[in-house]
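Consider the two complexes below, in which chain A is the common component and chain B and chain C are the respective partners.
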Partner chain A sequence: MVLTTGVVFALPALTGIDPGRAVLDARVVGASPDPETLARLNQELGTDRPVARRFVSFVADLARGDLGRSFVTRRPVVPETLRAARVSLSLMATAMGVATAVALVAGLVLAQRAGSFLDRAGQALARTMVAVPEYVIGPLLVLVFGAVLGVFPTSGWATTRHAVLPALTLAVFPMAVLTQVVRAEALDVAGEPFIRVARAAGLRPARILFDRIGRLSLVSAVALGSALSASMISGAVVVEVVFAVPGLGRLLRDAVVDSDLPMLQAGLVTVSGLAVLIGIAADAVHAVLDPRVRLA
Partner chain B sequence: MSRGAKRSLVALVVVAMAGTACGTTGETGSPPPAQDVGPNERVVTGGTLRAAISFPPKAGLAIDTADAFTLAKAGAVESLVEADATGKTSPLLATSWDRQDDLTWRFTLRNGVAFHDGTPLTAASVASALGFVAASPTPPRAFGGLKLTMEPVDEITLRVTTDRPDPILPLRLSSPNAGILAPAAYQSTPPSAVGTGTGPFRIVRYEPNQFLTVERYDGYWGEKARLDGAELRFLPDPASRVAALRSGEVDVAEGVPAAQVPVLADVPGVTLETIALPRTTTLYTNVAKGALAQRPVREAVSMAIDREALTTTVLEGSAASARGYFGPAVPWGDAPNNAKADPEAARKLLSEAGFAPGALRLRLWTYPARAELPVLATAVKDMLERAGIGVDVEVAEYTAQEPRVLAGEHDLFLLSRSYLTDMADAESYLRSDFGCTGAFNLNRFCDPAFDSLLDGIATASDRQDVFRRAAAVLAEGFVGIPVSYDRSRTAISDRVRGFTPDPLEHALLTTGLGVAG
Partner chain C sequence: MRLTAVAAVAAVVLAGLWWVWGPEPDANELSARFAPLSVAHPLGTDHLGRDLLSRLVHGAQLSLGLSAVALVASVMLGSVVGGLASRRGGLVATALLVTVDTVGAIPTVVIALVITAAAGPGVASLFASILVATWAPHARLAYQLTTKIAAADFVEAASAVGARPAHVLRRHIWPNAARPLLAHAVLGFPTVLLTVAGLSFLGLGAQPPRAEWGAMLSDAQPYLERFPLGVVAPASCIVAAGLVVAALGRRLEQAVVEPSRRRTAHDTA
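Our next item is the complex of A and B:
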């Protein structure tokens, strides 16, 4: 996180983008960059101070939890970033929940029918879903379920129904990956001696599948799911832009376009923090599910 | 894993699935009672309209930023003066004005106007409001660098003094940036426009990057709005706006991309309203260096470009072929250009200028923020190559390119630019884009005679004639090559009545806008 903050602070110097010019264009679209206005703006933003002095101020403010005010909105960046983070977390949690639930069921069903037409079709579909990016899936879902069928809203974040299409879009990739993982794990577990014992004891096949095999497959799925959750942050940027969701991804994108340095810093620090937290949470869930992790 | 932990995990997954399937519609209530207005038309007095807007406010609805245009579209904030695209001014919050001397104007305010928070409009409140905007580090483009001093004379009379003679001050004050908010608005940074305007609609809710909700202001000084209220949804992605209209989530979608025009033509119940905009897409030519410093080379480039093909294919017929910088949206503009491209004549011109076919290579830069520009650039490349000019196209983010363009590192730069800086007057545009000391002179053009022409605007009896003559000078010299005159494209559902597209793109929610029952 410290490295991320340092790199972001150095971005304008590395890219050659003048924050004053970028902010002028964000506030007054199409404005001519006359030197007098730029000088006043740089003075207001504090970007006319020496880099070393700005960095010292930045570190001192960071220690107090103050990441400054947005160059564009002129409001404190921390509340806006936290609000956006809550939206993104909600979206990612929903997407991951859907992906895990569907993958568990689908993976087990395909494993039970291994080698059948359904299994081959399911695997082909999963591989296809892995390859299709969010910026293709999203507009497709919008067209079918929004514009043509009119079943779900196509944009916004006002109600729970608004979350359906964005969450589904984000869930496609992890759903496809987890389905294949669950299927593979289930096939491994199905060959274990204790499963043969369970069958011999007369347990119903459905109970063997979902209770015995499914439980063990879930462990691997959750472990992989934590890694997928962290990477989902990048996919959320596309989804949030397509569906106009006011989350962290869209906030970061706007900050990049507007060269809004304080907002960019706050956003990246938050993303780094989220990735760390997601990892910790996933480890905790893994420990709950797998006693071997707890005992290690 | 314990039985309890297992049940908790299953419950979590089920809730996650259920959460995405449940929920209310979030839509407003059923249409209000209709009111007959004619044998075949029933226009509802009341009802709510939903519109999808291209550009979300970025600066917290700050009046001294581009967000002021959203406030104007919402019908929430008004200026002292109203103006149309021809430059004709009419009273709004000021009922009359007169020029007392070269530097002084007197404005008489409308009596009995109350802000949305109930406080009265006075000369003192107007002075504060204009003072805030005039003192902003990013003053409005419409002010043109003018320094203003405001002084209340009495309750409804305001004296405004400028630092240099300015015959068009009332026109400048028609800009949305010169909108007047209640004194309470300026107690926060940025000023809060929620419930502090004077317009026919009052802002009741603002969710950044999501939507803005207004309701009819029954204390409005003028004709009351037909609508009960409206919601402006901020959808920057053009495909999302069109999808929202097609699904019935919105009634109006502005900024329809050219590629979606044929799609919408087949959608029942949707009409596309277009109007000429004061915006031209131009191939800026660096006349200060290289081959383009020669007029015949620039003329050859212009002759090689088939504008009709560009406007009918790339732009799907939603723009007109350009002749000069100013198009049909303004009284001093040119009619569309019907001249045909002539690559053979272009080759001949180049040859006479000393460039054999293939000997000249130019760099053409553009940016992707407007989806059609990279496609236009590719098409122009192809046309120039047919005339024997090699072209290297570079597409990059505008903020990254601009410093290099302003430093004159380009040969050709394809840009879409509005030439009316928030009001129907082109002086600021001509000075900044073509003056020797202009801050946005992408053509790197400098002609003292041209600057003298612009200096005469302040005392000219007919400013628009000067604009016309200035444009003719630029066209004669092929200083930049205008390609197309842009048009706005707004899609509306058949539920909407009384929609009038505004060439200045200031007005959307007007008192006459309604919904049919």
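Our next item is the complex of A and C:
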């Protein structure tokens, strides 16, 4: 099982490298406007050699953790990419944590009051927020909290206060999705025999709600985690650009805008690796929370 | 729902009027930067003195138009790949399905970054990115539908009386798969719209001075405090268009998919 998970989750990583190489080929074979860049690329990347040999040496470089120097800053790209990845990871983890916590409580409350006005309003809100992208929420939060109220800083990444608005922006989408999932799951689980048993055995309703129902709802939320991670990565790129957070997303975007190939390659490999890691982490948490998966 | 429809139609009619009689979207008067709301400029002017309403209306052309075209292309590609995988089976199917799953797992922005890096920013790259990023779910649905329909008795009967595979595909499978595919496509429209605007926002799509809602949002952000409407207006357009089409898609799905489900439930009962 571990092996299959590993292979399945490694697939995006493998293709993540392939387009990166396609970029190189397109740049070097096609009419590149800058002869200096062309010469440096040929020398640096050895593109005159056959594809197979290039691929082998690329993988070897990758294993050594050396992907060359940035065209723009002339510094080695790997340390910079890793630093940016740490920022992105903490941003995404914070957002995911906030989203899960809020969604868990909101979903359970809505399920308890299923059919009420609160339930319908909450569901409508969740459905609407799914359709509101990060690049809309971000500037609006800047407008309200930064420009009008002046409570939180709106750009940069220095203190905890800097993380509030970006994390909040990134949290909205998973929060809206997970609230709906938790609500549906909680209603499902509440009808199961083992909940009736727990109730008959005299467990307090609050205990049943949070210990039994809450736990199972969280399981379905985590199972969705790996599917959400792709959209979280896309969202993180937007959020980092909006709030000038020095993370992986902004690094990638700047690398494309500046045609900084080594930086782009390192960034793409890191993003793919990150997607794989998030998938594995989601599976691990899933196994811890759900005894049925652990047995399998 | 009716109110939404009326509001949407009214918005389209007003936009059409302004499209014909309003000022050019790129006409700038630097003397009239951040002009207040007036009859000449109902939503004021932006940081280059361009009429905001005109840019919104002309931006719709790219935001909505490109989304629609890209969606159609993506559904067509998905249908062909999914149908092919189902009809051929074996190794071809496995290879195609693995491709579908793999492409579906790559974040959209990463796909767009790679394509833009290779081909340069612009509307063509934007179109290609949307196509690559969105065809996979349609292919999966087309595969499931084709496989399900091909197992039905009437398809077997057609093959048994000697109908050629191309005829079976055109006359029996396609008509039954088309409606669910269409409903699924309409439900996918808001995602495509948000992606078009999002990539343009990142500078990976429409290039200045071309009007596009996402690009306008990004342009106006530095002037947020001075001219909040410059951000709020395109943002509202993006969200409103997404919600209206999503509501339409749910309606269509109910009308198209649910009756067929009921029918199969009846058949098996």
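In the analysis below, the second predicted complex is superposed on the first by the 229 of 296 C-alpha atoms of A that agree within 3 Å, B and C clash if a C-alpha of one lies under 4 Å from a C-alpha of the other, contacts with A are read in each partner's own complex, and residues count from 1 in each chain.
Assume a residue touches a chain if its C-beta (ideal position, glycine included) is under 8 Å from a C-beta of that chain, and two chains touch if they have at least 3 such contacts.
Every value quoted in this text rests on a predicted model; they were computed, and no experiment measured them.
Legend: residue contacts after superposition of the two complexes on their common chain; A:128 is shown touching chain C, with no touch to chain B. In the superposed model, A:143 makes contact with both chain B and chain C. Once the two complexes are laid over each other on the shared chain, residue contacts for A:249 go to chain C alone; chain B is not touched. Contacts of A:155 after superposition on the shared chain: chain B is touched, whereas chain C is not. Legend: residue contacts after superposition of the two complexes on their common chain; A:241 is shown touching both chain B and chain C. Look at A:271: by the touch rule set out above, it reaches chain C but stays clear of chain B.
When both complexes are aligned on chain A by C-alpha atoms, chain A residues 15-16, 22, 26-27, 139, 142-143, 147, 241-242, 257, 259 touch chain B in the first and chain C in the second.
Against chain A, the residues of chain C that register as touching in their complex are 98, 101-103, 105-111, 113-114, 116-119, 121, 190, 194, 197-198, 201-204, 214, 217-218, 221, 224-225, 228, 231-232, 235, 238-239, 242-243, 246.
Contact residues of chain A toward chain B in the complex are 15-18, 21-22, 24-35, 37, 40-41, 43-44, 72-75, 80, 93-94, 96-98, 100-101, 104, 139, 142-143, 146-148, 150, 153-164, 167-168, 215, 218, 241-244, 246, 250-251, 254, 257-259, 285, 288-291.
Here chain B touches chain A in the complex through residues 1, 5-6, 9, 12-17, 19-26, 55, 58-60, 62, 64-66, 137-141, 145, 189-190, 207-211, 233-237, 239-240, 242-244, 246-249, 397, 399-400, 402-403, 406, 417-418, 421, 428, 432-433, 438-440, going by the rule given at the top. Per the touch definition, chain A reaches chain C in the complex via residues 8, 11-12, 15-16, 19-20, 22-23, 26-27, 128, 131-136, 139-140, 142-143, 147, 230-231, 233-234, 237-238, 241-242, 249, 252-253, 255-257, 259, 261, 264, 268, 271-272, 275.
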